[in-house]
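Before anything else, here is the set of structures, which you'll find just below.
After this come two complexes, each holding subunit A, first together with subunit B and then together with subunit C.
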Partner chain A sequence: MMSNHIGKWALGIWTTLIFGFMLVPVFIIVILAFNESALGLFPFTGVTTHWFVVVLTDKDLMRSLMNSFRISLVASVFATILGSASAYALARYRFYGRAVTEMTLTLPLLIPHLVMGVSLLLLFKALGVDKSMTTLTLGHIVMILPFVVLTVRHRFESIPLALEEAAWTLGANRVQGIRQVVLPLAIPSILTGLLFSFMYSFDEVTATIFWRPVNVETVQTQIMAMLQYEVDQRVNALAALLILFSIGIPVLGLVLARLVIRNHKV
Partner chain B sequence: MGSVAVEVTNIVKSYAQTPVLRNVDLTIESGKFVSLLGPSGCGKTTMLRLIAGLEQPDTGDISVLGRRVNDVPVHQRNIGMVFQNHALFPHMSVFDNVAFGLKYRNLSKPEIIARVKRALEIVRLPHLEGRLPRQLSGGQQQRVAVARAIVIQPDLLLFDEPLSALDANLREEMRIELKRIQHSLGITTIFVTHDQSEAMSMSDIVILMREGVIDQYGRPDQLYNDPETDFAARFFGQVNEIDGIVAAISGDGAKIDTPLGTVSGVRGDFAIGDKVTLLLRSERSRVAGQPDLDASQLPCRVLERDYLGMLVRYTVLANDQQINVVQALEGELLSVGADAYLKIPTSAWLCYR
Partner chain C sequence: MARSINLSIARAALFPYALSLPALVIVVGLVVIPLLTLGVYSFWSQALDGRIDATFTLKTWATLFEDAFVAGVMFDTFRLAFGTMLICGVVGYGPAYFMTIVSPRWRGILAILLFLPSWISYVVRTMSWIPILGKTGIINTALTASGITSAPLALLYNEFSIYMGLVHYLLPLMILNIYLGLLSVEPSVIAAARTLGANQYETFIRIIFPLSVPGLSAGCLLCFILSLGTFVTPKILGSPGMLFYGNLVYETIVHQIDWPTGAMLSLVIIFLLIALLYIYSRFLNLSTVLRAVKS
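Entry: the complex of A and B
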């Protein structure tokens, strides 16, 4: 039918436009990173990889990059452990305050980062706690917990309780049952949760600006600072590297997950 | 008279105000194959899970081999359980699945290997050790589940409707297999099912449950021939309902007049003139196309006919009563509308107050 065809075409064009709107800036930045000009804009004065070298040898930039890695790694590992344990409790146990716990653990997803930034800052101030790497990391953990809890809980719920019950009847206690039966089957989801939460923490900038101690920059806050004064070609190169990272890691994770899942289909 | 394997006293269990088991007592002898039989919601699965330790009773005691196990956690009760959907560990091979329970029992590696091989031989799957559960058929999966349960040499073997998920032919085959395995190993077995023919064909003892209490228990033939309650009578086989009036009472029992003739020797507490409902077993009645010398047969007309392969079910009209009869096919199939003759032996009648 005519209207169907037109509808499909329109939907296709519209979708392309939207994706284009979102992705074209990303492509442009990556392309611009190879521009010789120090201005970081079009037109191209030459093609070079010089700026990547500049970025990779810049002490301040590398330090902020290390900070980001450290914070996000610690935050995501803690969040994964805490979140997975919480997810197991929510999936398997009935207890008082269960609904409230569930809500509290997923709420950070709904709160704007600005609000989180300010409110946690006020809380630390009220408690008399100084800003530090620790408080910054704690804030990140709070923000990324929901990712882990949601991802892992879904997986736990799809693993039949009967499997654990079978393990118990055969002589395994609860912990042994979790280790031998539940964890191997849940590993793909747990790793996905780890990956998601790491990337989310790594990309986070708004709340980090509020929480960071004075001399600490993450790569995101560093970029923001650099952009305030000029359109620096170094930013393009750094951004291009981060884009590669942001795409590459989840893809790697997906590939790994596929391999693991193939053996562990419930 | 063997020794007692399981003793359950005064069990009460409710889920969120809904009573599921009300003051249930039961005793299971060692080495016997006992079925917990009943419709959905009667409490049979709950009872099994209480014995397994997967649930806790609100009140009451559970003892296994003379030891009170209420406070003993599941993993210390030494039971083998087979679940409805086999519950095999999908990420482990058949061998690792079967060997799972042995890891917690202080056995050497060669002993474990020997026991696993033996268990797989008993369930007749000796060459599938390396396979994953999803590479097996439904029947094979269930058999591996059985191997996994018996390899630990448990005190009790518990089955939670293990054959419900299998197709009809496979179910028949597995019934025979399970009975054979249980018989050769001699482990006390409790088998939960809603299928009365399954319970009848496999069990030494059948415990019929209904709405959280035990309705009746006994050998399968006892339950079938001498059901003590209306519920039990209707549960096994098919019955027709016939109204009758008590005509006379003697030392042998009451004589009851029904449209299908007079039934004598009915035991019970009757007074002359009482209205009673008699139950007539479909499988004990007979419909034939030709009359024979038996004077007690009733002329009837065939209303419906269901050909069931090995059996045929006729619905006939005799003296204004619609009766279902199930019988083996003898001679020709009678057609709908044909005249026929209905024979009702005394063993076909059941009566309850």
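Entry: the complex of A and C
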């Protein structure tokens, strides 16, 4: 029994170390962002919030941030609408070609982003389509679509069919059944899908580097480009802002989802 | 009357198609057809002035087997991907197992901490190693201040920092997959082994570990595939001279603008992917690989 306890303790210490390895570097960036030195590296010379002001008033950085928001917002809204519709079909119907549909909609998840980036770029080139914000956003839509389908489909499957059947018996048609029975119950999951597909698109860099039009930077490609020269303190401040955003938004989303679920207990 | 019923049945039958068609069109148009385009371009050639010669040739594919440089890059990349996968598996098994033996409350906390890094962008997580490993970074400052080394060690912009970055990026995914694998082990099976006289060590070696192999393999497969295609980590944490497969593709497309070669190199990744998935599916259930995404 004694050795048992020691084993569990040793494993606990190991787990703490590994979780520290996964989480600490990111916090170091946040701390470093408050450093006075313009070099963007240690040693720590003094505490200041100056670099956040620099980032928030930098035209190029703010433009890249706005680009990212625009692309991810449009892409996640489209992906959520298209993905939820197909998720409903997969969850509720046994139709001819269902297995193929399911496989096709999962496919973007299996293709490495590098290959997606190259292949879509090549198709646009072959068709003579110039790179634009629209083509970049289209790429993002297809990349995040599977996440919405997987998240939302699960929820649709857990809503008892009897609820919809009751609506039909009471005279509702299919569309009314979806609008008035299914959607209100599934909305937390759909919003979760929207949120996570937004974050996924916002963080994407590998394919975006291939797809971005000339002179258009998203915030991720902007950071990559800045790191190619010397690390300056603006990168750390920008990264710190992104970290706070990346952690803040999902946490906010989960809290909201919990509130909605509490009010809509099935 | 009968006609209108038939009509409504036909419309009801078309309903699932109408719902899934837009998403399907997007995936076919923006993923499937581009992949086919890769296939076509890899059999074409490109003149020095950049014009594409649309006649069938095996020239591009021949470079894959003749060019020692490409073979060298591939070998380095395999080594990197395999090493990363191995480190993640060895280092990550313990924490994943620990998550299954703690109380549900701690399990929930650890699960949230495990998801936390995956919300932060790949680029930011990768760059976070620069102030840690750099010449004036935390590790070197600590080493020189404590007198362990007299001069700072070269920890950044080499293969060591690339491994650090990749393991840091992929470890949460590995732990999640092993954890999900371990969760699917029936507690009654463990209880049965204990009742039949196995001690905790024997139970782990002979029961728990073998049953967790599908999750572990899914994690390994994902880590291997994701490190195989990366060019972001070497670009941020490597030196300009270090070329891995992803960087080679990037250079070919973005700087040399050599479409046929870029298409061919991308297809090689797809073929490798198919081969790996095929091998995996021969022994284990392929749906295990997608399980981590669904959760």
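By our rule, the second predicted complex is superposed on the first by the 265 of 266 C-alpha atoms of A that agree within 3 Å, B and C clash if a C-alpha of one lies under 4 Å from a C-alpha of the other, contacts with A are read in each partner's own complex, and residues count from 1 in each chain.
FYI, a residue touches a chain if its C-beta (ideal position, glycine included) is under 8 Å from a C-beta of that chain, and two chains touch if they have at least 3 such contacts.
This is a predicted model, so every value here is computed, not measured.
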Touching partner for A:Ala99 - first (subunit B), second (subunit C), both, neither: neither
Winner by number of subunit A residues touched, once subunit B and subunit C are compared: C
Which of subunit B and subunit C A:Ala167 touches, first, second, both or neither: first
Subunit B versus subunit C as contact partner of A:Val214, first or second or both or neither: neither
Partner chain in contact with A:Val26 - subunit B first, subunit C second, else both or neither: second
First, second, both or neither for A:His113, with subunit B first and subunit C second: second
First, second, both or neither for A:Thr206, with subunit B first and subunit C second: second
Touching residues on subunit C, where the partner in the complex is subunit A: 12-13, 15-17, 19-20, 22-24, 26-28, 30-35, 37-38, 41, 91-92, 94-95, 97-99, 101, 110, 113-114, 116-117, 119-125, 127-132, 134, 136-138, 141, 168, 171-172, 175, 200, 225-226, 228-232, 235-236, 246, 249-250, 253-254, 259, 262-263, 266, 269-270, 273, 277, 290, 293-294
Complex contacts: residues of subunit B adjacent to subunit A: 52-54, 73-81, 83-85, 87-91, 100-101, 103-105, 134, 148-149, 152, 158
In the complex with subunit C, residue positions of subunit A that touch it: 4, 7-8, 11-12, 14-15, 18-19, 21-23, 25-26, 28-29, 32, 40-43, 82-83, 85-86, 88-90, 92-93, 95, 97-98, 101, 104-116, 118-123, 125-126, 138-139, 141-142, 145-147, 149-150, 154, 174, 199, 202-203, 205-206, 209-210, 220, 223-224, 227-228, 231, 235-236, 239, 242-243, 246-247, 250
Complex contact set, residues of subunit A against subunit B: 160, 162-163, 165-173, 176, 180-181, 184-185, 263-266
